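What follows is subunit A paired twice: with subunit B in the first complex and subunit C in the second.
Coming up: the complex of A and B.
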């Protein structure tokens, strides 16, 4: 009897493992190695997905963010891309163009509730989907603004360019602060395009015009030169810390009361809230003439072009788009969940939650960075131009040089056709 | 039978050298040949498009220069316009270099430097790739200053620690320490030392000048950034060359010094006529090694300044890596590597020629 039972159990085990064998393996690469909270949520989604159907089995491989992009490029050169790839929003067109990514089968109807910043579109197709977005705001203190009788701007009526400059000038006169405004130039790399590109767009310029495949008269247009002159004046008048700002000052300067205003992302919001509580304000971006704008688009999921299991990859991304997972990610990382319905399930973004304002900021002001396969060159040139102008380089010549460098790259790549 | 033994040993020798030479071939010679080939193509790091042969265009866009003589700007009465700070107002270069069919040959160039001529005119040299030119000048400047200074300091240290004193090994270890620490770690440490607000260097200078010294943002100022990197590089590399000098010093026979002492030579005479001639071969080696290392300046720049502020610390290797990898332009990066190789090769050949044995 016992023997028979054993045989039955053994048979059942073999059968179930046989079932498991029928699942096709899908590899998933993720950029967040080292972040335990993120990993817990992601492995949770993967476990749920693997258990929910019998066709696919997703396996996770994690990489440190600093070397993630290089790992993907190296894998692509070796022809060993995983099935599902995690990609930084603005870099997606480059990977789509180079066929690292395939267009998703997910349709517009399926993503209509998502924040636009979480949808990766290129060439009229959807290539990647984000489970969250990030947003930037002007961190300020109510008491400080009231003391100097500066109007508190709202989403519907943000500061005008004049008001913004006057606010900085007024706060500059308050000697209890080292600087009236901190833009965070200690953060190198993508921060420049993400945080300051929208300010340039708000002034009527941009990084380039993808439809014309040219940066001429866009990055060095009269509007862009006006932006550059304003940018330079911030540094010559010592209104903001320069490119050699200490990283530690960037992290704690606002909380320590060194800076009156700080241009910062929602990821830094909780720390500041802890210190200032109700006194803390997250102000919308100023309208510098062409509408108020902040950056959009964070890390997103796509399916690799070489994957033989396109359907499996798409199924996984669809599965991960459920509100409960968006909420779980938001709770773990502090980032903005990609749908309105998911916000109500989070601690920070629900109605009345401390960071709720960021969802509206994202919805109302978010502007994507220019969508072009040349992005990796465009963003490097923009960063260099802003840093050089901040350090006293001639504005028009520097922007000309950046526009030329971008156009040379476009020409070398046959306009990325 | 007598002949077969050396032959056999030869075979074994080649066999033993195989792993090392195989690796050198694979990771040094093959990439080097590839770089040569890539620099004549439009090779990208990633691209779905096929690679094409483009001839010399990568090189001509690097080293292309043009010249222009410009007149000062005149007002309505034909008088020269003077800027508020007293300088003469010249027309902007972008009037000539952008969308100007009369100056097609200057299209896309940037002002590199200029000389004043008679009648307030100005002779302007424009470069097609100003960034490359700046990197080239910075690199040469770095080599010209670092090579002799580092060599001299290393010799001075070697002479000091080449004495039979108790505990001298402690000093040898201290001086050699920076060499064994990773250059990246050293660079990060020195970034703190050079910090403009609360760096160690500013604090020390302020202490020793009784607060008179105004803090300087050493790495954030285009006039001090390259100098700061030079000082740090000399400090970091000096220990290595000290050891080579030391080994040279210890090959000089003690009897020569005894003889010099008997003849009543002063310390300077001993150094000039005994020590220095004995170090000749070491000196040649050190100069060649320092020159090559200095031309390869990269890690310090990458960690400390990333070429800034305003290109004051751009170097050839940094530009090569940035173009080849970050901008995915392998062909452009390779072209710089090839130019650098030719420069270093010709300088090494000149050094060898100048220091050849004249017997």
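Coming up: the complex of A and C.
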């Protein structure tokens, strides 16, 4: 009897280890090293996925966000890309074009409930899926706006361009503030394209038109030049802090009462709420003529082009798209869950939650950054041009130079064909 | 107050001012590591930034320790740095010895090529080097494998030999009396004995200088380990610093992390300080 029992146990152990061995390893690279909350959620998803089926076993490797892209590019050069990688939304077309990413097998029907900003599309295909998105709003205080008789804008009726300018001018007259508006120029890099690109789009311009093989007449179009002149006037009239803004002022200037308005992201919202409570408002972007717009697309998951386990990668991403995981990520990071149904499961974005307005902002105003493999160059040139214009450079000449630099890159890469 | 006293006083005032100029960033780092983020940022625009005032605690240290495997990263950096520095001192000093004291064919050309590497920035060879090490074989505890990525040796071997260290040793060895070498040879010493028993004992200050310079280069490595390490098991401290740059940057934790990782550098420098200064005084080399 004892022998028979031992044989049965041994058989069961062999079978279960056989099952475990049948799982093919999938490597997953993630940009969130150092963020314990994100790691907890992601490892939870991975554990659930690994236990939910017997084909795939995902193994996580984390990288620091600041240097993540360099690590991926180095791995691609060495032919050592993992199976699943996460990618910053606007950079996705470049990675897709470079074959670092393969198109996903996930269909439009499967992503129809997701915020558009969380879907990475390039060349008519879906390459990446985000579990969350981020949004920008104009942080303001109700008491300050009411004191100056400034209309509080709504999503349905945002400030017009004139109203926006008048609001800034009115607040500039209030000497209790150092500046009426803070755009956050202490932040460099992608902040420029993410935060100010949509303002340019709202005035009818853009960084480039990916369907054309030239940035000519887009980044230096009449509308873009008008935007550049308005942008420069903010600095010459001392309405916003310039490029030499102290990083500390960017972090605390609004809550310290130095700035009346602040163009900032939902990641900074909880800190401001803690200070101002019900007095704090998250205002929609102004309509500068071509509709109100804010940036979209955050980090997303894709499957690497060199992966021999495409199905496994797709299965994992599909699995991670469940509402409970979107909500868990949102609670951990403060970012916006990618579906409406997931918002009700979150602390901050549920109906009546302190950040609920950001989901609607994202849904209604979010506009993706230009989808082109040339994005790395486009965004750098845009940042440089805006910084130069803020510091007094000639608007038309600067935008012409930026368009030329983008065109040179397009030519050098044969228009990324 | 006579002129001598006045000039001494002025000299000391000037020296104190210069010393403070160098000490202030370190004081700022340590003091800031004790403050919560909001207070740190608010104090940064005034002299309070250098004073441990307000709400101070060691919370940033415990948070930094939780966020990043600091012990692992410091260990990795020390392993990579120590092995590279020791190997580099040995190899480069022997190379310099042969250039100064031995005669062989093509010496001048070879020396020119080595010195020419001083003007090549690492960034220009980083990608070819990455592709090269990715194809090299290695036999280790895991057996035979192709590719060196994600390992200690990929961070060590490419950095052992370098033109600057060889150049430092050459300059120092040139000033040593050749009579000593010739006398040792006449007494029947082999070239290696001349190197190890005559030259090395006389070159202490140069070894100290080269060690400090190499230590700083290796301990501050960022780009190369970023490209070649893919797991935390091999990541060094400078890549670890990037862990703190999230959407909401934890400045206090960054200062705590920097304070911790600066300790090995300070300890190493202070232990070598006397010989380093002696070396600068005798060779005119500036670090």
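Simple rule for what comes next: the second predicted complex is superposed on the first by the 402 of 417 C-alpha atoms of A that agree within 3 Å, B and C clash if a C-alpha of one lies under 4 Å from a C-alpha of the other, contacts with A are read in each partner's own complex, and residues count from 1 in each chain.
Assume a contact is a pair of C-beta atoms (placed from the backbone, for glycine too) under 8 Å apart; a residue touches a chain by one contact, two chains touch by 3 or more.
Just so it is clear, the model here is predicted, and its values are computed rather than measured.
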| said: By the touch definition at the top of the document, which applies to A:152: first (subunit B), second (subunit C), both, or neither? | reply: neither
| task | Would you sort A:246 into first (subunit B), second (subunit C), both or neither based on which partner it touches? | result | both
| request: Identify the partner contact of A:61: answer first if only subunit B is touched, second if only subunit C is, both if each is, neither if none is. | output: second
| said: For A:267, using the defined touch cut-off, is the partner it touches subunit B, subunit C, both, or neither? Pick first, second, both or neither. | reply: second
| message | After the superposition on A, what does A:80 contact: first (subunit B), second (subunit C), both or neither? | response | second
| request: Would you check which partner chain A:169 touches, where first means subunit B only, second means subunit C only, and both and neither mean what they say? | output: neither
| request: Have a look at where A:36 lands relative to subunit B and subunit C in the superposition and call it first, second, both or neither. | output: second
| said: Considering only the contact definition stated at the top, list the common interface residues of subunit A for subunit B and subunit C. | reply: 77, 246
| request: Mind listing the subunit C positions that touch subunit A in their complex? | output: 37-38, 41-42, 44-45, 66-68, 127, 130-131, 134, 147, 149, 223, 226-228, 230-232, 239-240, 242-248
| request: In the complex, go through subunit B and note every residue touching subunit A. | output: 42, 44-49, 61, 92-94, 97-98, 108, 110-111, 130, 195-198, 217, 219-220, 222, 306, 308-311, 322, 326-329, 331
| message | Please output the residues of subunit A touching subunit B within their complex, sorted ascending. | response | 73, 76-77, 94, 97-100, 188, 242-244, 246, 376-377, 380, 384, 387-388, 391-393, 396-397, 400-401, 404, 408-409, 412-414
| message | Help me check something: in the complex, which residues belonging to subunit A touch subunit C? | response | 29, 32-36, 61-67, 70-71, 74-75, 77-80, 246-248, 251-252, 256, 265, 267-268, 271, 333
